[in-house]
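Consider the two complexes below, in which chain A is the common component and chain B and chain C are the respective partners.
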Partner chain A sequence: MEANVRKMTALYMFVSGIAILLMMVLGLLMLLAQGKMIPLGQDTFYEMMTAHGTFMVGAAAFAASAVMWYFLRQYVRLSFPIFVTHFVLFLTGAVMTAISIFVFRFAGAWTFLYPLPAMSAGMWGKTGASLYLIGMLLIGVSFLLLYLDTSRAIIREYGSLGHGLGWPQILGKVKGYGPPPTVVASTMVSIVNLVSLTVGASVLVMSLINLFQPSIEMDPLLAKNLIYAFGHIFANSVIYMGVIVVYEILPKYTNRPWKSYKIFLIAWNMSTLFTIIVYPHHLLMDFVMPKWMLIIGQVFSYLNGLPVLVVTAFGALMIVYRSGIEWDMASSFIFLSMFGWVAGVIPAIADATIVINHVMHNTKWVPGHFHMYMGVGAVSMLFGFMYYFIRGNERKIGYADMVSFWVYTVFFLSLCGTFLLSGKVSAPRRWAVHFPEWVPYDRMGAVFAVVIIAAVTVFLYRFFVSVIIVQAKQNIEVGPRA
Partner chain B sequence: MYQQAAWVISVVFILFVIFVFLYVVAHSGQRAEYEPIQKKGYRIRNVWFLVVIAAMGLATFYTLRDLPFERPAHAADPTVVQVEARQFGFVLSRNEFRVGEPIAFQVTSVDVNHGVGIYDENMELLAQTQAMPKYTNTMYYTFEKPGTYQVLCLEYCGIGHHVMTATITVVPSQEGEGK
Partner chain C sequence: MSGKRYAVGGAFFMAILVLPPVLRWMESSMIGVMLGQIPVLVVAGWLFGFALPRRFIEWLNCWNENGLPGLLLAISVLTFWLLPRSVDASLNEPLLRLAKWMMLPLLVGMPLSLSWKRLHPIARGIVHTNAISMLVVMGWLYLSVPVRVCNSYLLSQQNALGRMMIALAIVLAAFWSLRLFVATTPNEPTTR
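Right, the complex of A and B next:
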C-alpha cells in the first residue's frame, strides 16, 4: 500500500510539474507577443491566456492537494480509492478544458464571467463553451470528493471540524496543544474549499443552463460574486495546502517542534473566516455592490495578512534561527516559499485598498502580486516537497540544482518586478496587444521567463529521474521519514 | 499618486522582508537552545503585531475617507454622461468637457462585462469602474488638465478587448487657459 501511495503521489507531482512548466511556456509566449517579439494572433493569445490561468491554478492546487493528502494520512485514515478517483476525474476534466480551448477555441478566461461564455462575438461556439464549463465542473467535483473525504476522516478522528481547528484549546476547555499543524491546516482547507467548490459548481451549472437556454438568465452581479468567491478561495487554498510541507519538513530539518499553540490556532481560525469573506476585494470597482461589502473587502483583506505576517512566517523564521539547519534543496525551497508568501502580501494588500484599486484594478499590478505569492510562495512549497520526496537520492542532487534554485529565486522575483512596474505605469492586464509605453517591461519579463523555465526544467528532470531510479531499485521507504 | 505610493510601500517592505530572511539564513548555522529564542521571538512578535495593526489601522482610516464611489462634495450638480459599453467599443453621450467640470459617468453594458478606465496623455490610469449588463455604476471624475484622454476597456470581454477604446477631449475652463 505504501508503495502505491508513493507511486500515486509521484504521479500527481509529475503531472502537475509538467503542466506548470507548459503553462510557463505559454506565459513566455504571451510576454513575447506583448513585447512584439513574436507574432501571435489575438485569438491565440486569449486562448493561451485562458489556458494559463486555468491550468496554473488547477495544476498547483492538484499538486498541493497531493501534498496535503500525503502528510494528513499520518494522522487520519484517508481513502486511497478517493485519492485515485481525484486524480482520474481531475485529468478527465483537464483534458476536456484543454480540448475546449485548443480545439474549439474557447477563450473566456478562467473567470468565464457571465454572460461571456454565451456571447463570444463569434470567437467560439456552444461546444467550446460547454466543454470548458463541464470540464471545470469535473475538476471541481474531483476536488470536492477529496475534501469530503478529508473532512470525514478529520471528523472521525477528532470529533468535529471545530475540534480539527482547535476550538476546545482556544476556548480553554482542553489544556495543551491542539491537533498537529497539518490537521489544523487540512481542516481549514477542507472547510473553505467545500464552500468555494459548491459556489463554483452552482455558477458553472447556471452558466451551462444559460448557454443552452438563453431565456433563463442569471443576475450578472450575483454571477460575478459567485465566480470570484469560488476563484479567490480556491486559488488561495493552494498556499494553505502547500504550507503543510513547511510544518512537516522544517521541524525535521531543525529538530525543533512546531506545535499548535493557542495563537497558532487563532491564526488558522482567522484565516478560515477571512479566506471565505474577503473575496469582495475583487469587486471593488463594481460600485453597485453594497458599500459595506466593499469596505469589508478592504478591511478584512488587511486583517487576512495578519496570520501569515505575524504567526506563520514568524514561526518559520524562529524555528530556523540558530537551529543548525541543513540547507539542501528541500529546506531552501521551503524557506524561500515563506519569503514569497510574505513578500506577495504587501502588493496584494495595497491592491485591496479601495483608492489604490481605483487606479490599479485589472492592471498588471495584479499578476505582479499573485505571481509572487504563487510562483515564489506556493510553487516553491511544491518544489520543496518534490526534493524532499526524492531525498534517498542525494548524491544525484548537486551543483546544477542549487544554481537553478538561485536562478529561479532571483529571476522569478525580477519577473514579478516587471509585472508590478507595468502596473505602476497602468498597463492593463489581459491585453493581447500592448502600447509602446508598456513594451520594455514585457521584453524584460520575457527574458526572465526564459531563465525561469530553464531552472524549472532542471527541477523536474531531477524529480523524474530520481523517482524512476528509486522505482527501478525498488528502494521504497515506508512513510514519510522522520 | 496612488500608483507611486503602492510601488514605494511595496518595494520598501519587500526589501525589509529580504533583509530579515537573509539575516535569519546568515544566523541559522550555529545551533542554540530553542527556548530562549522562542521567549525573545514572542516578545519581538508582540511588538511586530502592534506595528502591523497600527499601520493597517492608519491606512484604513486615511484611505476610507476618499472612496471613489462616493459623490465628492464639489460635485453636487455634476454633468451626467451616459457610457454604454459593447463588444467592442464605447458609446458616450458626450465626450467633450471643460477643466473643473464635475462629471458623473453612468456606466453600463449592453452585452458582457467590460471596464471603463480613463487614461491621461501620459497613459496613466486616472479612474475606472466596471461596465455591467443590467447595472449602472456611477463614476465621478473632474478633469484637472486640458488634453486628449483615452478610455480603455479594463475587463476582459473577448477577442476585441484590446481594441475597445474611446477618446475624451478636455478643453480649458475658459477659452485659452487651463486650470
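Right, the complex of A and C next:
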C-alpha cells in the first residue's frame, strides 16, 4: 500500500508540475504577444489566457490536494480509492476543458462570466462552451469527493469538524494542544471548499441551462457573486493546503515540534470564516452591489490572510531560529514560500481598499499580486514538497538545482515586479494588444519568464529522474494511522 | 419503536394528506404540492420502510449493494414526479394521481429508508451537497423561466416556489453544516 501511495502521489506531482510548466510557456507566449515580439492572433491570446488561468489554479490545487492527502493520512484513515478517483476524474475534466479551449476555441476566461459562454460573438459555439462548463463540473466533483472523504475521516477520528479546528481547546474544555496543524489546516480547507464547490456546481449548471436555453436568463450580478464565491475560495485554498508542507517539513528539519497552541487555533478558525465571506473584494467595482457587502469585502480582506499568515510566518521564523537547520532544496523552498506568501499579500491588501481598487483592479497590478502569492508562495511549497519527496537521493541534487532555485527566486520576483509596474502605468489586464508605453514591461517580463521556465524545467527533470526512472526505494515516514 | 408503530405513522401521514380539506389546500398551490405533498409522501414511505419484516429486508438487501441501487431507484422516480408535466398529470388524471400516491411512498421513501444507512458516508455527502446545489438551480429556474411550466398554476406561484426552494437550500445547508460541527464519539485522537 505504501508503495502505491507513493507512486500515486508522485504521479499527482508530476502531472501537476508538467501542467504548470506548460502554462508558464503559455504565459510567456502571451507576454511576447503583448510585447509585440511575436504575432499571436487575438483569439488565440484569449484562448491561451483562458487555459493559463484555468489550469494554473487547477494544477496547483490538484498538487496541493495531493500534499494534503499525503500528510493528513498520518493522522486519519483516508480512502485510497477516493484518492485515485480524484486523480482520474480531475484528468477527465481537465482533458475536456483543454479540448474546449484548443479544439473548440472557447476563450471566455476561467471566470466564464454570464452571459459570455452563450454570447461569444461567433468566436466559439455551444460545443466549446458546454465542454468547458462540463469539464469544470467534473473537476469540481473530483475535488468534492476528496473533501467529503477528508471531512468524513476527520469527523471519525476527532468527533466533529469543530474538534478538528480545536474548539475544545479554544473554549478551554480540554487542556493542552489541539489536533496536529495538518489536521487543523485540512479541516479548514475541507469546510471552505465544500462551500465553494457546492456554489460552483450551482452556477455551472445554471450557465449550462442558459447556454442551451438563452431565454432562461440569470441575474448577471448574482452569477458574478456565485462565480467569485466559488473561484475565490477555491483558489485561496491552494495556499492553505500547501502550508501543510511547512507544518510537516520544518519540524523534521529543525527537530522542533510545531504545536497547535491556542492562538494558532484561533487564527485558523478566523481564516475559515473570513475565507468564505471575503470574496466580495472581487466585486468592489460593481457599484450595484449592496454597500454592506463591499464593506465586508474591504474589511475582511485586511483580516483574512493575516491570522494564519502571521502565526505561520512567525512560527516558521521561531522554529528555524538557531535550530541549525540544514538548508537544502526542500527547506529553502519552504522558507521562500513564506516570503512569497507574506510579500504577495501586500498588493492584495492594497487592492482590497475600495478607493485604490477603483483605480488598480483592472490593471496588471492584480496579476502582480497573485503571481507573487501563487508563484513564489504556493508553488514554492509544492516544489519544496517535491524535493522533500525525493529526499534520500541527495547525491543527485547538485549545483544546478541550487542555482535554479536562486534563479527562480530572483526572476520570479522580477516578473512580479514588471506586472506591478505595468499596473502603475495603467496597463489593463486581460488585454491582448498593448499601447507602446506598456510594451517595455511586457518584454522584460517575457525575458524573465524564459529564465523561470528553464529553472522549473530543472526542478521537474530532477523530480522525474529521481522518482520515475531511479525509483529511489526509501521508506517514507509514516504516522500511527498510515 | 416497533415496526407496527412506524407503519401506523406512515399511514397516518398519508391519511392526513388524503383528507379533502388538506388535499385541496395542498394542491391549490405549487408550493403545497412540491414542498408539502411530495415530501410528506416520501416521509410516509420512509416510515413504512422501518415496518418491513427483518427477513424481507435481508432478502431485499441482496439487490441493494451499499444502498446504491435503492438510492438510484428513489432519485429516478422522484425526478419523474418533479417534472412539471407529471405534476400537471397527477392533478388532472386519476390514474396518474393514484400512481403518484403509490410510487412516491413505495419507490422513493421506502428505498431511501432501506438504503440510507447502507450508503457510504461519502455517498451521503454527495446526496447532501447535490441536493443543496440543485435546489438552488431549480429555484432559479422557477424564478427565471418566462412561461408557466405547469398548466395548473400561475406564474406568480411558480416564482413563489422558486423563492421557497432557494430558502430551503439555505436552511438545509445550514442544518447539515451545523451537524458536521456537533461532536460524535471520536476514535482516540492522534496527537503529536
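Rule of thumb we're sticking to: the second predicted complex is superposed on the first by the 466 of 482 C-alpha atoms of A that agree within 3 Å, B and C clash if a C-alpha of one lies under 4 Å from a C-alpha of the other, contacts with A are read in each partner's own complex, and residues count from 1 in each chain.
As a convention for this text, contacts are C-beta pairs under 8 Å (C-beta built on N, C-alpha and C of every residue); 3 or more make two chains touch, one makes a residue touch a chain.
Computed from a predicted structure; not experimentally measured.
K.L.:
Have a look at chain B and chain C on chain A after the superposition and call it: clash or fit.
P.N.:
The answer is fit.
K.L.:
Once chain A of both complexes is superposed, is A:Ile295 in touch with chain B (first), chain C (second), both, or neither?
P.N.:
Only chain B; A:Ile295 stays clear of chain C.
K.L.:
So, does A:Met206 touch the first partner chain B, the second partner chain C, both, or neither?
P.N.:
A:Met206: touches chain C, not chain B.
K.L.:
Using the touch definition from the top, say if A:Leu116 reaches chain B (first), chain C (second), both or neither.
P.N.:
Only chain B; A:Leu116 stays clear of chain C.
K.L.:
Classify the contacts of A:Met360 with the two partner chains as first (chain B alone), second (chain C alone), both, or neither.
P.N.:
The first partner, chain B, only.
K.L.:
Tell me the contact category for A:Leu32 with respect to chain B and chain C: first, second, both or neither.
P.N.:
In the superposition, A:Leu32 contacts neither chain B nor chain C.
K.L.:
Here's one for you: vertex at chain A, rays to chain B and chain C, all C-alpha centres; what's the angle to the nearest 10 degrees?
P.N.:
With chain A as the vertex, chain B and chain C sit 100 degrees apart.
K.L.:
Check whether chain B or chain C contacts more residues of chain A in the superposed model.
P.N.:
With both complexes superposed on chain A, more residues of chain A are touched by B.
K.L.:
Looking at A:Phe435 after the superposition, I want to know if it touches chain B, chain C, both of them or none. Which is it: first, second, both, neither?
P.N.:
So A:Phe435 only meets chain B here.
K.L.:
Give one of first, second, both or neither to describe whether A:Met68 is in contact with chain B, with chain C, with both, or with none.
P.N.:
neither
K.L.:
Between chain B and chain C, what is the tightest CA to CA spacing in Å in the combined model?
P.N.:
13
K.L.:
Which stretch or stretches of chain C touch chain A in the complex?
P.N.:
121-122, 125-126, 129-130, 132-134, 136-137, 140-141, 144-146, 173, 180-187, 189-192
K.L.:
Hey, which residues of chain B end up touching chain A in the complex?
P.N.:
Answer in residue numbers: 2-7, 9-10, 13-14, 17-18, 20-21, 24-25, 27-32, 34, 37-38, 41, 45, 48-49, 52-53, 56, 59-60, 63-64, 66-69, 87-88, 111-113, 115, 117, 119, 123-130, 132-139, 152-163.
K.L.:
Per the contact definition, I'd like the list of chain A residues that touch chain B in the complex.
P.N.:
Where chain A meets chain B, its residues are 42-43, 46, 49, 107-109, 111, 113, 115-116, 119-123, 219-221, 224, 256, 283, 285-288, 291, 294-295, 298-299, 302-303, 305-306, 309-310, 314, 317-325, 327, 335, 338-339, 342-343, 346-347, 350-351, 353-356, 358-363, 365, 420-421, 423-426, 428, 430-433, 435, 437.
K.L.:
Any idea which chain A residues touch chain C in the complex?
P.N.:
My answer: residues 74-76, 79, 82, 144-145, 148-149, 151-152, 155-163, 167, 177, 179-180, 194, 197-199, 201-202, 205-206, 209, 215-218, 257, 259, 479-481.
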